[in-house]
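In what follows, subunit A forms one complex with subunit B and a second complex with subunit C.
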Partner chain A sequence: MAFAIPKETFSGKVFEVTIGTDKTAVFGGENVLPFHSFEGSVPHRPVIAYEIQDIVPDDWPETVKKVYESVSGDPVIWAKYCQDTLNAKAIALRLLSTHPDRENRSPEDAAKTVKDVLAAINVPLIILGSNHVEKDSSVLVAVSEAAKDKNCIIGKAQEGNYKTIAAAAMANNHKLVAMSELDINLSKQLNILITQMGFDKERLITDPMCSALGYGLEYTYSVMERIRLAALTQNDATMQPPMLADVGMYVWKIKETQASESELPHWGCLAERGITWEAVTATSLLMSGAELLIMRHPEAVKAVEKFIDELM
Partner chain B sequence: MALTGVEIFKLLPKTNCKKCGHPTCLAFAMKLAQRQASLDACPDVSEEAKRILGEASAPPIRPITLGAGDKAVKMGEETVLFRHEKKFVNPCAFAVEVKDSMSDDEINKIVDDVLNSEIDRVGQKLRIDAIFVSNASNDAERFEGVVKSIASKAPAVPLIIATNNPAAAEIAVKAVADKKPLLYGADESNAEAMANIAKTYKASLGVTAKGLDALSALTEKIKGLGVEDMVIDSGARTAKEILEANTFIRRAAIKKNFKALGYPVITFAQRDDKIVESLIATLGVTKYASIVVMSSIEKWKNLALFTLRQNIYTDPQVPMQVEQKIYKIGEPTPESPLTITTNFSLTYFIVSGEIENSKVPCRLAVMDCEGLSVLTAWAAGKFTASKIAQFIQESGIENEIKHRELIIPGYVAILSGAIEDKLPGWKVTVGPREANGLPAFLRSKA
Partner chain C sequence: MLIIGEKLSIIAKRVREAMMKRDKGPIQEIATRQWKEGSGMIDANIGPAEDGGEELMEWMVTTIQEVVPLPICLDTTNYKAIEAGLKVHNNEWGRPLINSTSNDPERFPMLELAAKYNSQIIGLTVGRGGLPADAEERAAIAAEIMARAMEYGVPLEDIYLDPLVLQIATSQDHAIKVIDAIKMFREMNEPPMKTVVGLSNISNGCPKHIRPILNKYYFIMLMNAGLDAAIADAHEMAEAMQEKQLVDDILAGKKIEDAEKMKVIQKTLDVIMNKTLYAHSYLEM
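And now, the complex of A and B:
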């Protein structure tokens, strides 16, 4: 029996998305499963954005907090550090201080932070709210305006607030993250609702909701795989936006990235454990379809970039 | 590819003699097609039919067992390409490489690490499954010595004997033949000799060739020599090559029923950078490897990879769950605290682990929520005040404890009033949100 290479080609293709104005970043555009360049085209490598936030990350575990100790007091300095010292290809600014349970800062405050950060960097910016459905709808409107025409990614639009956020992203020429809760149908439905408002489907990024290794990773993994298969095999345009894996925030809150080696000797060195946890979570989501990652630890980012080098 | 009932019927004797316990040959054929009967039940079936039916019903990826005894690892038998279609069957084995050119101390250290690698996670015991011993010294005697010493130090751990030199292979395999090792290193130059050794000592055979064409030709040849238990290596070493080869192998086996590649795959992940090595291993776990060989097994790396393997190989339809009941942690007295959570395995093991850490004897009421986590179960209407109240009342716990205080997870604080309304005489206390707050919380109450 002679071997016939079982290549598969698809009718569908993931949308290609460009962000930023000065130094840009491009992701998506492939017409095959992740990294399957042996049977189709994979024009761009995934983009990894460094996560920063607008308040001191007191609740980040030591391993990742100490990396940014000297810069994390000021988002502008922090952003510049990521760009200039860590060579970040994109930066994700999380406006955590606006959360009502945190500092509850105003949308105007957030807009100022965004302006200051944008003035200091030339790589693309992803602007994220605090994940508070009501508050985000005012904060993300204000920051969309503040960043007008800078071709940022605004996020996240969810079922409960997508109307105002999508309208603002559209009016100010941004891309938009649409996040639903770990369900392919919910994800599809949200993308449809947003495009029905007149928002261009090719400016969307799908966040099917991330989860950390050991804490629901398999759900995110399979939802991503199913979304990607639907995009390719059924040529379903509502499933063709590139996907985001917001890795850092899920990884750096679980026990495995925090418990000391003296407390749990059979878990081994804490620093490497945390970094590896973030890198393995990111890598498995790359394998299931993510094109855009948000991560925290530079060593984890470096390892994932090396892995991508080997795959491209 | 499975045959239909009618196709099977054509191969049966068609005498309707009923010796199989079915009224007609056709009825029996239908049962066979649904895998509800075994061909053995028909005494008159021809050898030819046995062969065809046997081949057709064989799983697309041959089942192979690595090692012998209770630490043996089952491989192969996969039926799908994506885990949402159906559960991935046999979790891939992790092996660590020992080179016989290393010093005895170095080797002993790795073997000790393997023996101590077992971790309990979500109720499963996970460990480094095998040792890959390679003949880097090119010295057959040294090789034999190292293999023997590892086998005596770690008698239960499956071994992969790696050499392409038949002379070295023979003495090493012979020394540990009772352990059913995998002999890795049959290639185009040594296939006959290696197949012979595998046959003589009943070892399975690792087959390697550059590229999938050459590899399928070689497995066919070796099968012709009488060895069927094979593990295959396409020569892929970079991440890009591994993804391509493993994808094509899996597709060929599952979608085309291409037998020459229907074997478990061995993937080599060794890298100088240990974190990058973890990521190549991640590629192996997610993309179809049955054995992943690594150069080191630090505890932190093991924990991440064991967890990943567990995640990828869980059943996508049924979350891992534990039995609904009131678990005792430590030796609780009638005065000890009573906590409640859902029966999602992960939730149960995290929470019970933290209660153990607190050293405060406790009862943990685990409620059946179809294996959903606390918040998911709450959002799905399965962890509600009335269901919790009913569970507590029906559990009989009221006869076992003296107090009437129930500690609920912090994330469902919103339920506390409603539970008190439905459980007259009870006080509901809201615990911390994250389980790692439990030790301090329980100690402060004690």
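And now, the complex of A and C:
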């Protein structure tokens, strides 16, 4: 008797999300576990967005800082570089300068930056706050309005600020990232609370909180895997939005991407180490269910795109 | 079903203050209420009680038994405090229950006390290595506790095995594993081993209004699995008994008249059985 490969099919399906207006990007839509196209439908590749900031990235390690040395002084030029030279499919603008402990720039300043960047690019834009719960609730409202109808992703709404941010994203026709801190039950709860405000669940993106290889990656992996299983096996609509892995910011702050070769010669080439670390963290999270990645180093992005090519 | 009234715990502010001030009033009032509501035993949880534990437990046991004709569940990790409580316990109202021994060597001496004072004892199926992963691991630990009890001369009929209920908000998959453990424990001896749970831990960390809902329906499921005793709120458990038929009907796939009630019960059972993912607002979905 011929061997038949067992197939697992599910009742649930991940929501398909389209972002951008001119050039769009689409992700999600699968009704199987990551890359299991032999069991069902995987209509879209995961999307990788290049991360840029609204201030010079002084705290990025040399390996990734020098790639953007000539463009990172101006977010508009930086965005255009990612789009035109690196062929970015999407750009993630982090408004770090608005953080009270940084430059504490105003929501109006942030809105202007967003408008300028949007005017310069035609790929979709992900607009991220500084991850300061109170400040984000004013900054993200202002930038949502500034980017009205541009079909951006606004993020991140958290338990402490989701009401204002979700309302602004809803009023200005954006998608929304809902982030909770590595707890599947709280992740579901936040998605419920946001949808109870009237926000369409099919416009949500779940961020269960990222972590780098060696720094709790297995927790993120496990939560993502369980979210995806709840979406597929239990047909749990609150867990069916696609998932975001905000990889770059977690990878490029750890020792392994910064410690010099003279300090730790047995760790090998620093540049290669950092790039590999970002690529491995990203691919691991793709395997656990992420459909949208935010990354920094072009070589790491290339490696992950190649990995996706092989699995699609 | 033996309900061990749970309200006299050092974790509750009012009880803690009364314990510290040796104010009999609140302790006796709470104990009396639990007795009237149907408790067959009263849990006296004095915490780790490292300082003055002996005197405190002695005071608790006599204070409660002054007004309530029930045996006491002596709840502390302090060996000496347990012994002090056993010494003054009035066995006329029934035999006391030690809470608890486990697979942690530090808790073995509790078995000695059970043998010496002819007390019953709870065997909590945890070891020193952390929480049990599943029902099988709980049963394996139970077997070790049973073997050790025989060494110490404690009859198996005097042991209540406790599978350790975990919070549904953070360890959802354990709710059903605990139910399975109850069934497994019962098969480990003839007549079946007795079983007990610390019920309300299931809803610890959940919003206040859903705590009794989870407690009640989880209790009924455990009861159906053969549970003998629960450290619980007697008033809540009396309510649970009134709804038992409804829950059993829904478990059997029948419809009940009250559609709203049906939804609440069904959703709660699904969460307990790990069929839907728990969230604080699960009833609203």
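By our rule, the second predicted complex is superposed on the first by the 308 of 312 C-alpha atoms of A that agree within 3 Å, B and C clash if a C-alpha of one lies under 4 Å from a C-alpha of the other, contacts with A are read in each partner's own complex, and residues count from 1 in each chain.
Basically, a contact is a pair of C-beta atoms (placed from the backbone, for glycine too) under 8 Å apart; a residue touches a chain by one contact, two chains touch by 3 or more.
These figures come from a predicted structure and were not determined experimentally.
When both complexes are superposed on subunit A, subunit B and subunit C end up sitting side by side without clashing.
Between the C-alpha centres of subunit B and subunit C, as seen from that of subunit A in the superposed arrangement, lies an angle of 60 degrees, given as a multiple of 10. Of the two partner chains, subunit B is the only one touched by A:Gly214; subunit C is not. In the superposition on chain A, contact is made by A:Trp267 with subunit B only, not with subunit C. In the superposition on chain A, A:Ser222 makes contact with subunit B only, not with subunit C.
Touch criterion met: A:Lys188 reaches subunit C, while subunit B stays clear of it. When the two structures are aligned on the shared chain, A:Met239 is found in touch with subunit C, with no touch to subunit B. Shared-chain residue A:Ser138: touches no atom of subunit B or subunit C. The wider contact with subunit A, measured as residues touched, comes from B rather than the other of subunit B and subunit C.
Look at A:Glu310: by the touch rule set out above, it reaches subunit B but stays clear of subunit C.
By the touch criterion defined above, A:Ser180 reaches neither subunit B nor subunit C. When the two complexes are overlaid on their common chain A, residue A:Ala230 makes contact with subunit C while staying clear of subunit B.
Here subunit B and subunit C sit at a least CA-CA distance of 7 Å once the structures share a frame through chain A. Common to the subunit B-facing and subunit C-facing surfaces of subunit A is no residue whatsoever. Within the complex formed with subunit C, the subunit A residues making contact are 183-186, 188-189, 192-193, 196, 230, 234, 236, 238-239. Residue ranges of subunit A in contact with subunit B, taken from their complex: 1-6, 8, 35-38, 213-218, 221-222, 225-226, 229, 255-256, 258-259, 266-270, 272-273, 275-277, 279-280, 283-284, 287-288, 299-300, 303-304, 306-307, 310-312.
By the touch criterion stated above, subunit C contacts subunit A in their complex at residues 169-170, 172, 275-281, 284-285. The part of subunit B that touches subunit A in the complex is made up of residues 82-84, 119, 121, 212-213, 216-217, 220, 238-240, 243-244, 247-248, 251-252, 255-256, 258-261, 273-276, 278-280, 282-283, 285-287, 298-305, 307-308, 310-312, 314, 316, 346, 350, 373, 436.
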